[in-house]
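Got a structure here, written out as structure tokens. Questions coming.
Here the chain labels run A, B, C and D in written order, and each chain numbers its own residues starting at 1.
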Amino acid sequence: MSISTESDFPAHLQPYAEQIDGLREVGRVFWERGWSVGTSSNYSVVVDRNPTKILVTASGKHKGRLSRADFVLVDSHGEPIQAEQPKSSAETLLHCVAAEDSSVGAILHTHSVWSTVLSDRFSAQGGILLEGYEMLKGLSGVTTHEHAEWLPIFENTQHIPDLAAKVKAAMQSPEQPLTHGYIIRKHGIYTWGQDLDEAFRQIEILEFLLECVARTGALS
Amino acid sequence: MSISTESDFPAHLQPYAEQIDGLREVGRVFWERGWSVGTSSNYSVVVDRNPTKILVTASGKHKGRLSRADFVLVDSHGEPIQAEQPKSSAETLLHCVAAEDSSVGAILHTHSVWSTVLSDRFSAQGGILLEGYEMLKGLSGVTTHEHAEWLPIFENTQHIPDLAAKVKAAMQSPEQPLTHGYIIRKHGIYTWGQDLDEAFRQIEILEFLLECVARTGALS
Amino acid sequence: MSISTESDFPAHLQPYAEQIDGLREVGRVFWERGWSVGTSSNYSVVVDRNPTKILVTASGKHKGRLSRADFVLVDSHGEPIQAEQPKSSAETLLHCVAAEDSSVGAILHTHSVWSTVLSDRFSAQGGILLEGYEMLKGLSGVTTHEHAEWLPIFENTQHIPDLAAKVKAAMQSPEQPLTHGYIIRKHGIYTWGQDLDEAFRQIEILEFLLECVARTGALS
Amino acid sequence: MSISTESDFPAHLQPYAEQIDGLREVGRVFWERGWSVGTSSNYSVVVDRNPTKILVTASGKHKGRLSRADFVLVDSHGEPIQAEQPKSSAETLLHCVAAEDSSVGAILHTHSVWSTVLSDRFSAQGGILLEGYEMLKGLSGVTTHEHAEWLPIFENTQHIPDLAAKVKAAMQSPEQPLTHGYIIRKHGIYTWGQDLDEAFRQIEILEFLLECVARTGALS
């Protein structure tokens, strides 16, 4: 392929080399897993607080071959902090909403086959119930398999501010706050963690559990 | 295996080293993905216009281990431009037809399990409808998931000129022009892009969407 | 990712560098296979007898990126032998129970999709019958495909001593002693061998056979 | 793992270093594909004629990590040519039978999930029909997709001479000679080619086609 993975490294990104290389590695692994094919998916890390600074993948880049230049710095509203950056992902606002929780340090969004297929199959019930699996203990704060995780499904839209408002309301819901992640119908998963390792682990857990649900559904 | 991947590099191909290495990398990745097993599949890049010159994989080569010599230069009719080249792929004419569109710079043909299986399952309806998926936005010119992509299915044949004529008619159809690609029944996918990166991305997108259709079909 | 795989190598673990690197390689392979995603799974090697000393993975580590420090030495009761070690896996006792058999040199526990899905599907019958497969000959002591392997399923629990007692009783059962391994419902597989190679091979065999059962179930 | 892949290279095998390394690479690839897990599978190359000398994998070796010492030289009856060799595969006679055809230069036997599952599903009809697939053209001598390949299924047995006699009769059948390969029920595939590359390609083709049959069967 003609895309280089080592193009120029912009000066304003150089302080974040470690986070950038972490996100590039995430892209490489997720592409190999089939969770981020083509230019789909976007990933971010919160690199500063007060005020919030988020490092997010630029729009339209192939996730299996991210270069160090394929990142953008945005503020808590998703606005570029620096001039002359590439366009940030169209879904940047969804990262900002997750980052409003001050314990969140990294946000990962993938487009897997299982999340796409199941989000359509279970759309009428508004979410997917993941219950009784030992693997649930991989989600932060879950300490027993006797746990029922409700992964809500939101309808897909190209109007991201609308979706961001709905996600924000769900995250702040007093009864059943959205904690570990959600699915957008026929689109993909969003999850987050206090750092990139935790968010990475949570994507692995959620993908595993969705595959279990789908494989169980294909058995009978 | 006894096949070397670094045999002699013919002089007439040396100006196209970058494109050739790009196509070899495509072969390696697609073979690993299971989309180009054995000697199946063929790939090409348009290396010149006025007149058109197409660089296409030679016939009968293992796509996971393409050497720099495993390529042929042909003209817009699929005829060899250079003497003493290996035989070009039997399906070279299908590349030529796609390359008649002057915006097309690369053409990829794969033989995946999902395209093979679904092309048979949906042959009676003449195509596969891919609708409402966010991933559709990875196809060039598609900007919303509210898009219905019709992937036509052509009957397989060993008489490639006949098939090429049908594909050409479909690409030039005034009502519903074939834009992103098509499937040949129990055979595989053809897609193209303005360059190799775009064509590569489109194969990834189409394979993803076909897998979604097949996995959905296996659920109930 | 920010996790290094070459952090300091504690002095008390240095005599076991070969076994540690073997277990790290197991982790890398199983993670790639999807059998040990996130921080799931745990592995051990018996490094001494009289008294028994077991080297087991520390709790909460990512199995695809184990460092040389991510291991703990425990005695036959699962108690740490050395001060200031990281916490051993919550399921250490299950390793100790398997290690009571003096011919056991390595114990592997994985969390695969197939074992999770099938353990739930077959929970009512208390186990999974693997019968008539040539691949059964990969299990130690099995010399013909005309063999019926009963893989018992135990209910999952967070109270490991209870489960350990049940497993111990099953391993010592006079009628049908548990020989090659077992499954915990919606959780994963335990297996063991006289050394790490044999245990590794047995996980491969059991995973293969479970996939056969599941794929057969999805056919009709 | 404790198994080295570069142990001593026996003198009597050194003339066959190229073939040995070819077979080791085959093992590595097939293990990664899941077609040769554990110590299953065996592979051979005919290294001499008049009299016939066959180089075959030793019994009980892990196919993903074959060392140069893990091979045995046998004659046309499967008897060891050299003293003090490791035991050859229990199924060596099946390689000898295929090698009786003087055009055969390499024989590959794999244990894949699809061949195992389908050989059981279709055992009553005595074989699997692979028909109308473009990919069939990857089998030697097949020049059109309008081809019906009958892949016979033999019952599994631990008495290899019996099975070898049946295979021999089928290969020499005047009406429908067995040409490209066969399946042993709940066991695996045998195929062959004039050299290792052709045999490798044929395994890829047969595995692809079996997956197509199985995926089609899981759709409805």
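The definition used in the following text is that a contact is a pair of C-beta atoms (placed from the backbone, for glycine too) under 8 Å apart; a residue touches a chain by one contact, two chains touch by 3 or more.
Quick caveat: nothing in here was measured; it's all calculated off a predicted structure.
J.: Trace the shortest sequence of touching chains from chain A to chain C and report its length in steps.
T.: Shortest path length, in steps: 1.
J.: Nearest 5 degrees is plenty: how much rotation brings the CA atoms of chain B onto those of chain D?
T.: 90
J.: Same or different: do the copies chain A and chain B touch each other through matching residue numbers, with over half of them shared?
T.: different
J.: So how far apart, in whole Å, are chain C and chain D when each is placed at the average of its C-alpha atoms?
T.: Result: the chain centres lie 31 Å from each other.
J.: Between chain A and chain D, what distance separates the C-alpha centroids? Give it in angstrom.
T.: Centre-to-centre distance between chain A and chain D: 44 Å.
J.: So which stretches of chain D touch two or more other chains?
T.: 218
J.: Run through the chains and report each pair that touches.
T.: All touching pairs, sorted by chain label, are A-B, A-C, B-D, C-D.
J.: Across the complex, what residues on chain A touch chain C?
T.: It is residues 18, 22, 25-26, 132-135, 138, 143-146, 195-197, 200-202, 204-205, 207-208, 211-212, 215-216, 218-220 of chain A that touch chain C.
J.: Can you check the complex and tell me which residues of chain B touch chain D?
T.: 1-3, 34, 37-40, 62, 111, 113-114, 116-117, 120-121, 156, 158, 184, 186-188, 214, 217-218
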